[in-house]
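Before anything else, here is the set of structures, which you'll find just below.
In what follows, chain A forms one complex with chain B and a second complex with chain C.
== the complex of A and B ==
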């Protein structure tokens, strides 16, 4: 499996998938013109890693300042995919990292967490999350 | 000669802090969004209000880009379409108001009304439940987004969403939607 790095733009986040470190990192803002299209390669990568026989654990760090409603739908799909993999025995942890003063981002994280049952979903408060 | 000063004064007296009219492309949304965020920051708007205004603005302009009946495209090119609309952000009675307007087909009016009316009077708990339910559903075939934008706006709104349709001709009407948001500014 190859690593996947997508540089951030004004409306899309920085994305870094490292196969070696078993880690996905997404940071910045997300309001692409077409969220389903933008995230298609990321969903494909996720599908590959959860079916990879050499991978049994995986961490996903989300450090998102703002996301629009169509991105929210894609994120839910990602978390549901993770949750299904966890039910099949894979170890996945999601860290929803947000600025301790960004109440909107914290609330959004809580709303994802409420809808997930078995996926470990940590809301991690950090000081000073910058854009990207 | 067009009297731009009149337009400028008119916007000022109506407490409009931002106004855009014309063709909208995704690139213009990106640029304007960055400016809007700076502007809210410089005005000392609290973070929750600022996030709410920003979020409603993005959902509004992306709706123009997805649904405005006024389109510009080049059939010989794969370039994205442009869609025309109007966005205005202002203060009214201590709150931020985000207005958005565009041409719609008369035949689409009942559907748009139904969509807005189905969310405008719901309380926050019901809106949250509806948002979460819709987030896991396949979008309706007519929808280019996730079909969540209107619910998101209703969740950020502090008053029921308002709208009007002004008939233009046999084919089109002008649709305006108004979302009031933020903490009251005293």
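== the complex of A and C ==
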């Protein structure tokens, strides 16, 4: 499996999937014109890693300060996929990292968390999360 | 209404009733129906979360936009309106006065010997003085449609809608008196031992020959006359 790195743009986040470190990192803002198209390679990568026989655990860090409705729907799909993988025995942890002063980002994290039952979803408060 | 998803919840209720009444006909049909209902409930829950998050984001953007608007209209140091916003409001009031054939007044206010004040006390104290003067002037600009703005360095402008020369003079004199009464020490001034202001007054009932710029120029010229007449006074 190859690593996947997508540089951030004005409307899309920075994405770094490291197969070696078993880590997915998304940071910045997300309001792509076509969320389905933008996130298609990411969803494909996720599908591959959860079906990879050599991978039994990985971490996903989300550090998103602003996102649109289409993005939140994609995130729900991602978390849903993770949740199904966790049910099948994979160890996945999601860290929803947000600035301790960004109430909206914190509340959104809580909203995502509420819909999940088996996926460990941590809301991590950090100081000074900025765009990308 | 305490829920915007009434119709969706009704669909779930009807589906659950159908399961209870056992009208599927076959075990396979019932199992499929239950699975579909489960998926529907899950997706509806997602949609509700999505709408909630979207609302939160929109509210945050709305608040930010209000704050940006306030910042773009305000002078950073004194907190009163800035010249850009003054021009915007002045144009509106001008056309309103033009249509209604009502008089409109401008006071151009300048702190006397302010350069000397900065030289004597330093720029930080100069900034404090500007802030204090703007607060004092603001107290004399009372009606909702009247407006005080920072026009330049130590220059302020007051817009007095629906005000004749008598009214303008009264406001100008009140400003001059209240600043003098505050007795802000000004050791560097060759004229008065305290901070004072000069005020130029211009009033007009706008007609075809008039313009906003012309009224501002008239106020500026009157301000020069007040300076020439010895400062700490107003001229028309």
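Here is the rule we use: the second predicted complex is superposed on the first by the 132 of 132 C-alpha atoms of A that agree within 3 Å, B and C clash if a C-alpha of one lies under 4 Å from a C-alpha of the other, contacts with A are read in each partner's own complex, and residues count from 1 in each chain.
Note that in this section contacts are C-beta pairs under 8 Å (C-beta built on N, C-alpha and C of every residue); 3 or more make two chains touch, one makes a residue touch a chain.
What you see is a predicted model, and the numbers here were worked out from it, not measured in a lab.
*Asks:* Identify whether chain B and chain C fit side by side or clash on chain A in the overlaid structures.
*Replies:* These partners clash in the superposed model.
*Asks:* Scan A:121 for contacts with chain B and chain C and give back first, second, both or neither.
*Replies:* Neither chain B nor chain C is touched by A:121.
*Asks:* Just checking: does A:17 make contact with chain B only, chain C only, both, or neither of them? Give me first, second, both or neither.
*Replies:* Neither partner.
*Asks:* Is A:73 touching anything from chain B or chain C once the two structures are fitted on A? First, second, both or neither.
*Replies:* In the superposition, A:73 touches chain B and chain C alike.
*Asks:* Per the contact definition in the header, classify A:104: touching chain B only (first), chain C only (second), both, or neither.
*Replies:* A:104 sits against chain B and chain C alike.
*Asks:* State whether chain B or chain C is in contact with more residues of chain A in the superposed arrangement.
*Replies:* B
*Asks:* With both structures aligned on chain A, tell me which stretch of chain B collides with chain C: 22-30, 58-66, 76-84 or 148-156.
*Replies:* None of the options clash except 148-156.
*Asks:* Return the residues of chain A at which the contacts from chain B and from chain C coincide.
*Replies:* Correct list for chain A: 66, 68-69, 72-73, 76, 104, 111, 114-115.
*Asks:* Going by the contact rule at the top, pick out the chain A residues touching chain B in the complex.
*Replies:* Chain A residues touching chain B: 9-11, 31, 33-35, 66, 68-70, 72-73, 76, 80, 101-104, 111, 114-115.
*Asks:* Taking the touch rule as given, give the residues of chain A at its contact with chain C in the complex, in rising order.
*Replies:* Chain A residues touching chain C: 66-69, 72-73, 76, 104, 107-108, 111-112, 114-115.
*Asks:* Applying the document's contact rule, which stretches of chain C touch chain A when the two form their complex?
*Replies:* By the definition above, chain C touches chain A via 45-46, 49-50, 52-54, 56-57, 59-60.
*Asks:* In the complex, go through chain B and note every residue touching chain A.
*Replies:* 26, 29-31, 33-34, 47-48, 51-52, 54-55, 58-59, 62, 65, 80, 128, 132, 135-136, 139, 144-146, 148-149, 151-152
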